[in-house]
Amino acid sequence: MDPSALAKSLEMLPYFLKVLGFGALTTLGLTFAAFVVAAVLGFVLALMRLSRSKPLNWVASIYLEIFRNVPILTQLFILYFGLTYVGITLPAVGAAILGFGLNGAAILSEVFRASIRTINRGQAEAAYSIGMTRAKAMRLIVLPQAFKVAIPGMTNFVIGLLKDTSLASAAAVPEMTFRAKMLVSETYQTNLIYFLLAIIYLALSLLIAYGAARTERRLNVVEER
Amino acid sequence: MGYGELWEAAHEELLAAALATLQLAIGALLIGLVVGLLIALARLSGNRRLRGFALLYIEVFRGTPALVQLFIVYFSLTAIGIEFSSYKAAVVGLGLNAAAYFAEIYRAGLEAVPKGQVEAAKAIGMPRGQVLRFVLLPQAARIVLAPIGNVAISLLKDTSVASLIAAPDLMLRAQDLSAVYFMPLEIYVLVGALYFVMCYPLSLGVRLLERKSANH
Amino acid sequence: MAVTHPLVRIEGLHKSFGSLAVLKGIDLTVQQGQKISLIGPSGSGKTTLLRCINFLEEPTQGSIYLDDRLLGQREVHGRRVPMSDAELARMRAEMGMVFQRFNLFPHLSVLENVILGPTRVQRRTRAEAIEQAEDLLNKVGMFPKRDAYPEQLSGGQQQRIAIARALAMRPKLMLFDEATSALDPELVGEVLQVMRRLAEEGMTMIIVTHEMRFAESVSDQVVFMADGNIVEQGPPRQIFRESTVERTRSFIRAVQEH
């Protein structure tokens, strides 16, 4: 490799890092916002699937099947064009948050449903036996325990979401991948830029995994016997 | 023009593109299954460098977006002289991506076979090779079927990302057709429906597999 | 106040799970202050009967009356309609249940387990609930462990706390579902001791158990069940020593051979 070209590349390194850094902020913001939407909606969907009302089960199941069997890129495009059609003009970021959130809700609802079901029936029955209604038992006994169990599933989801936000680059949302593409067309430093991009994604996903593991450990009660 | 007429006009192209998508997915799947096996063996091997490489591979491919991986395979490799068509780049890129997930599935499958099975086989004097062949692999194979199915479905959906490096798949065709017919929403809805028709039967199949393996 | 009606009255109780009939017509009354043991082989329906009494299982047919009030259902224009969740919860609060697997709440400390019901369900003040809880924990011998968490304790300790948790609701009636069956043999005694004290203090108790000597010494009435029916019912002496019913005798013989 040509030494002067290498030097030139390395000179631009701080600039690349700065631009990608800004992109990373957008990526993280997008991920967080979409996660909130997905968690709230996903929770509602999980309750619908667990409820004793057949119509509610059905609606939730249909939602799940549709969102899990269509690529998220397609969903984003449909949402974007669909909204314009109906007359709502959302900025691309907004449409992205909504799109990732709606898709994510389908995935998270399964995580929540599974974690609620692992809390054994005995817990709910013990709560009923001291006179709690189903709602109270859910709120005070089942959900607090289910939350802890759901952390690995939620972490996997958030890391997946982080990676999926790269697709928002197709809609010119200024997240990391989009910025990288712009940098490449600006400077033609393809290898260095994409290498940096990959490293930053890797670092972010490792950070999220680490953060989640620590939270899980702190939530777990004293282990000595 | 309504959906009906749009379908009349465009269905041949859409179906051809759907077929291309399926071929892309199958190609990537095969690469993933084979490379994944190699990575899994490296992961479990006694050689420290092989193990390290495998771990790095898995970490990198699972910790970075598929889109970025495709960029690197297509753009970066071209920059250092390896020429790929966008289609080939997509097959290779998505295949290498899937391999990381398959490697972990293979490993989990082998570890899920109860230790007692291996001990019982050894106790009747089976050499290690036979234990692998007759006891471990058959049982592990049943365990990994459903998770592999799930990754395959994700792979089919991920082929849509190939459109962003201009590989000829269903989503790319959708972009072209939107320009031709000026009905982007309707086109993408039809495309969504096509993906659904391709993926849903697979989902049902995987769920059936999951239920059957849960009964053992 | 003289109470003339039985505390629990069960009439014509049937329970099937799908096509499997587990209870085939049970009639039983429990007077206030009575201790009743339900014994019988596995599959006889005794646990199902107990779980129907606090409506953890819904009867397929028949009625259960708690304090002369129909449990779990309401009569509307002569038809049976399920009771609302809130009403059912209120009726359940009048009964205490102790489970085979304890089911203490793992995310709460021992003390918190015991005050949860009184504070959240009965809306008593925290101070009052703590005072009562400490009293009850003392009674079952678990006061020193009030700040520990369930997973740090042995089965016998957990079960005694479970009894305290049930008693904290000031129930009229205590249900015991094989309370010692999941315990290591050396821990069974400490739980039986607590149950015996409770009985001596006059609590109405329905006990499903395999501990025959305990059942014989503590009960006023023993109910022997098999195949979903009550085969024989009477004072302990009658069931354990003087029964004239062959089915009862062969069961008693079999368990005493251990």
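Going in written order, the chains are labelled A, B and C, and every chain counts its residues from 1.
FYI, a contact is a pair of C-beta atoms (placed from the backbone, for glycine too) under 8 Å apart; a residue touches a chain by one contact, two chains touch by 3 or more.
All values reported here derive from a predicted model rather than from experimental measurement.
Engineer: Report the chain ID whose CA centroid sits closest to the centroid of the full protein CA set.
Structural biologist: If we average C-alpha coordinates per chain, A lands closest to the whole-structure average.
Engineer: Measuring between Cα centroids, which chain is at the maximum distance from subunit B?
Structural biologist: C
Engineer: Centroid of subunit B to centroid of subunit C, CA atoms only: how many Å?
Structural biologist: For subunit B versus subunit C, the centre distance works out to 54 Å.
Engineer: Taking each chain's centre as its mean C-alpha position, how far apart are subunit A and subunit B in Å?
Structural biologist: 21
Engineer: Any idea how many Å lie between the Cα centroids of subunit A and subunit C?
Structural biologist: 46
Engineer: Which residues of subunit A touch subunit B once you look at their complex with the stated criterion?
Structural biologist: Of all residues in subunit A, those touching subunit B are 65-66, 68-75, 77-78, 81-82, 84-85, 159, 163-164, 166-167, 169-170, 177, 180-181, 184, 190-191, 194-195, 197-198, 201-202, 205-206.
Engineer: Across the complex, what residues on subunit A touch subunit C?
Structural biologist: Residues in contact with subunit C: 122-123, 125-136, 140-141, 144-145, 148, 221-222, 224-225.
Engineer: If you look only at subunit B, which of its residues touch subunit A in the complex?
Structural biologist: So the residues of subunit B touching subunit A come out as 59-60, 63-69, 71-72, 75-76, 79-80, 153, 157-161, 163-164, 171, 174, 184-185, 188-189, 191-192, 195-196, 199-200, 203.
Engineer: Note which residues of subunit C are touching subunit A in the complex, please.
Structural biologist: Subunit C residues touching subunit A: 54, 56, 85-86, 88-90, 92-97, 99, 101, 103-107, 116-117, 120-122, 149, 151-152, 162, 165-166, 168-169.
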